[in-house]
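All remarks here apply to the structure that follows.
Chain naming follows the written order as A, B, C and D, and within any one chain the residues start at number 1.
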Amino acid sequence: MPRRDADALAARVPDGALLAIPPDNSLTPAALARALVKRGAHGLRLLGVPVSGYVCDLLVGAGCVASLQTSAASIGEAGLAPRIAAALAAGTLDLIDATCPAIHTMLQAAEKGVPFMPLRGVLGSDLLAHRPDWRVIDNPFQPDDPILLLPALAPDIALFHALCADEAGNVYVGRRRELATIAHAARRSLVTVERVVPGNLLEDEAMAAGTISGVYIEAVAVAPRGAWPSGLLDTYQTDTAHLAEYAKLARTEEGFADYLARFVVDGGETT
Amino acid sequence: MPRRDADALAARVPDGALLAIPPDNSLTPAALARALVKRGAHGLRLLGVPVSGYVCDLLVGAGCVASLQTSAASIGEAGLAPRIAAALAAGTLDLIDATCPAIHTMLQAAEKGVPFMPLRGVLGSDLLAHRPDWRVIDNPFQPDDPILLLPALAPDIALFHALCADEAGNVYVGRRRELATIAHAARRSLVTVERVVPGNLLEDEAMAAGTISGVYIEAVAVAPRGAWPSGLLDTYQTDTAHLAEYAKLARTEEGFADYLARFVVDGGETT
Amino acid sequence: MIRPEERLIGAIARLILDPSAPPARHIAVGAASPIPAAACWLVKLLGHDVRLSLLHQANGNPFTEGTRELFDLAGQGRIDLFFLGGGQIDGQANLNLIGTGAWPGRAARFPGSFGSAFMYLMVPRTILFREEHSPRVLVPRVDHISAPGVSPPGVFRRGTAQALVTGRCVFRFDPAAARFALASVHPGETADSVRAATGFDYDAPGAPPLTADPTADELALLRGPVRARMAATYPAFCRRVFGEDVEHSHG
Amino acid sequence: MIRPEERLIGAIARLILDPSAPPARHIAVGAASPIPAAACWLVKLLGHDVRLSLLHQANGNPFTEGTRELFDLAGQGRIDLFFLGGGQIDGQANLNLIGTGAWPGRAARFPGSFGSAFMYLMVPRTILFREEHSPRVLVPRVDHISAPGVSPPGVFRRGTAQALVTGRCVFRFDPAAARFALASVHPGETADSVRAATGFDYDAPGAPPLTADPTADELALLRGPVRARMAATYPAFCRRVFGEDVEHSHG
């Protein structure tokens, strides 16, 4: 397998692409996001699956993002996502609100190749008035039972960081099986990993359950500590001090520029 | 965790229950099926997920079964399922034909708690005329696009055999993650395992991905070689010679009675 | 001395154990909810047979399919009780996690709806919790409804809010009337002080009782075993509320 | 000597590689299909860039969600080519895996539809394969349609049968006409012998060519590396078709 780095993957992401981004606690593509900022990506449409944190806030702050669909945005315990809030206030971000299971359901519909999937709940929420792409129908199986239908949503590209890849292009996400749904639903997946291991993880019965087949993965790059400042399963813990520092700096444009200079442009992928 | 055997689990299966049964190559509950035969279970409604083999044929042959919903029935390379075919010819079995992804979809709808889920394909198949519970509607998102809707199907009980259980009641199915959907969809799950291990598999990052949470599992029993004559992941291989012998004996009622006497009533759970 | 947070934990634990409510055999707790999480641990360590699914806890994540598994569990009817809050909460128990001003929060943006629009309808019991009790938070009518407090007949809904616990009091919720009633006030508060701090109208039959303090046994559990189970996920909260750690058990 | 099965394998491999058909970058093969599986391995070992997902193979099962993952892959449009057969196949390429006589097969029961009702519509190319070529199998009209050969306009469908390979010949399928045409006959057969053995009508423009034999290179691949990859899943087939094993490589 050719060795690539996060910058090489970022080069494969076209401006304007719809990108699925897992949140801070679920193999988030932090190194890839920094690489996208470095390459000056523009007009990206982000989908937080199902919520958003550091990665989306960083990309919004750096001016890479035209729209963000998400169910919530926060930097974990550090509070609201400051650059997203600032862009919203400035009117430079198109924020499309959803609710967590709706995002899962839209991806599951794409995974299954069906044009829509129903979801209980949500009726009575003002979300509906702001989602013309969502429909309420009468349950065809039971009269007088309104139910929400959600359209399939296939991201152009899923970005995430996994523990390892193998020589066959499979990637290991362990218990974070929700990443499989994202990879299945997306047209392409670009994945950074801590390391590449020999052999084929899908042929190893002890590893297969936590492995996403290479059939869904377009390219892999090695990015040690590529989820940082988020944690990675039991490999490394979340760097809560860094996230708190980020959240504090990102409260102002100057502070955010300072953050970019110190941790992104000048290389901050490992600490 | 109290130690139980397969007979104790079989005692928890009421006559008439709708049972989800994975096929021969996917952690099939063979020891449990033999225990059901021994206890004289009656009127069971079987759901082959998505096809049926030895276990369903055995239960049908022993007179335990009122109906079978499945997408196909065969004893692997040994050919058609002989007791199912005989019961069908005799008019003693209500056979409800489906197609594999429809069974997966009906279970996924139950897993998600929605009343139905769509599926592409199937239109033009005579299956539709024989499934009054399936509906074709116009896709609400696109005119002139007929699409099949399938109702949620929640089995009363899922039966399967897993590699191990832990002290918290979680069970390990490894790469056979499709069992998780079955367990999620079913109201209750009864599981035999090769052995019980200490600790909590869900707290072990190396094991969690292949583990089904005990929240879905009502009871576990130890049944060594409990999938036999089917194989179990990389633990033991399918006993093709035994399946061939079964398929041959089960061609006649006398041969099947002989099989029951030799391998079921008199204990044949290990070989 | 009993800390205010300990009293809130105790009050929530009593609501969980309310014998008049549907049974809570399986409780899920969302992220960044140390007080509800502590209440659940307290209930469990008091010996009640309850399963806890705590999102985002540092150890022992119970899921293998992320939050989708939580929502599917709720869809299956396997979650009995959940906790929600809101940037605004109104007198009909509507929740606003979107923001104020023009959609989607031009005046002030809240974090977003999370799974509230689903969970509030799918779970038989929801305990609302918001520490800040002010006219800014408890409003006559939320600017935007993330999740509705009640639903018209015909809408599939398994339950509503059971109660709203704030830093000043406990309200019970009557879904038939779509109205809160004051159930108890915390020490230092009165019927009048709560009324003055509340933007929505509610029932207040008679003089409200004081919210009960946790018992000595409960406090011992909170400061020992409960704290031990929460320290990895909420270290700052544990230090602030329970004081310096005196034991290191973590089982 | 070339065995009949080796000729069928070669014929299927040529259909897979047909440059006029949509590209086959990812091929899936169902259970109990040694001849199609061997054809796929042959294509791959000839050096073509193709991904194989072989169901039920003893080693290297490619899925972690069982057959659901196969069907989801097909739903996503990620499977380019699949193989199907039928207890009956008719002249419009309708497949019957249900049975004959009254539903669901009172006269003779076939195994059941498997995933055919889905895959036939969702995959851009299907190669039909049935070794038995007789009026009993190739009928004017199937008793029951498990999966339809063609669909009316407006029905979502990505493809149809590309061809039908039997023990006697290769038919190509024209979806616009919903009709087979004889493409080649295997050695020992003629236009007339095929016509006599076929229950449905089909086009046969001119004298049919003979189905080409596998080349010497192809035969060497079949009897060596292809056999090595299939032996664990289809031991009896490999012994019967490829003779006694002379090498033990398995990579």
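As a convention for this text, a contact is a pair of C-beta atoms (placed from the backbone, for glycine too) under 8 Å apart; a residue touches a chain by one contact, two chains touch by 3 or more.
This is a predicted model, so every value here is computed, not measured.
Visitor: Could you find the chain whose CA centre sits the greatest distance from that of subunit A?
Guide: D
Visitor: B-C or B-D: which has the larger count of contacting C-beta pairs?
Guide: It is B-D, judged by the count of C-beta pairs in contact.
Visitor: Can you work out the whole-Å distance between the CA centroids of subunit C and subunit D?
Guide: Their C-alpha centroids are separated by 59 Å.
Visitor: Mind checking the centre-to-centre distance between subunit B and subunit C? Centres are C-alpha means, answer in whole Å.
Guide: Each chain reduced to its C-alpha mean, subunit B and subunit C end up 40 Å apart.
Visitor: Suppose each chain is reduced to the average of its Cα coordinates; what separation in Å results between subunit B and subunit D?
Guide: So the centroids are 28 Å from each other.
Visitor: Could you put a whole-Å number on the gap between the CA centroids of subunit A and subunit B?
Guide: Taking the mean C-alpha position of each chain, the two centres sit 36 Å apart.
Visitor: Provide the list of subunit D residues touching at least two other chains, using ranges where the numbers run on.
Guide: In subunit D, 61, 63-65, 75, 122 touch at least two other chains.
Visitor: Can you list every residue of subunit B that touches 2 or more other chains, as numbers and ranges?
Guide: 112-114, 119-120, 145, 147, 175, 177, 202, 208-209
Visitor: Graph shape for the chains shown, where an edge means the two chains touch. Line, ring, star, complete, or other?
Guide: other
Visitor: Looking at the whole structure, which two-chain pairs count as touching?
Guide: A-B, A-C, A-D, B-C, B-D
Visitor: For subunit D, which residues are in contact with subunit A within the complex?
Guide: 26, 51, 53, 59-65, 72-78, 122
Visitor: Once bound in the complex, which stretches of subunit B touch subunit C?
Guide: Going by the criterion above, the answer is residues 110-114, 180, 184-185, 200, 202-203, 208-209, 211, 213, 215-216.
Visitor: Residue numbers of subunit B touching subunit A in their complex, please.
Guide: By the definition above, subunit B touches subunit A via 105, 108, 112-120, 135, 137, 139-142, 145, 147, 149, 151, 173-175, 177, 202, 205-206, 208-210, 233-234.
Visitor: Which stretch or stretches of subunit B touch subunit D in the complex?
Guide: Touch list, subunit B to subunit D: 25-26, 50-51, 70-74, 76-77, 80-81, 85, 88-89, 95, 97-102, 104, 119-127, 130, 144-147, 175-178, 181, 237.
Visitor: Touching subunit B in the complex: which residues of subunit D?
Guide: 31-32, 56, 58, 61, 63-69, 71, 75, 97-98, 103-106, 109-122, 144-148, 151-152, 154-156, 236
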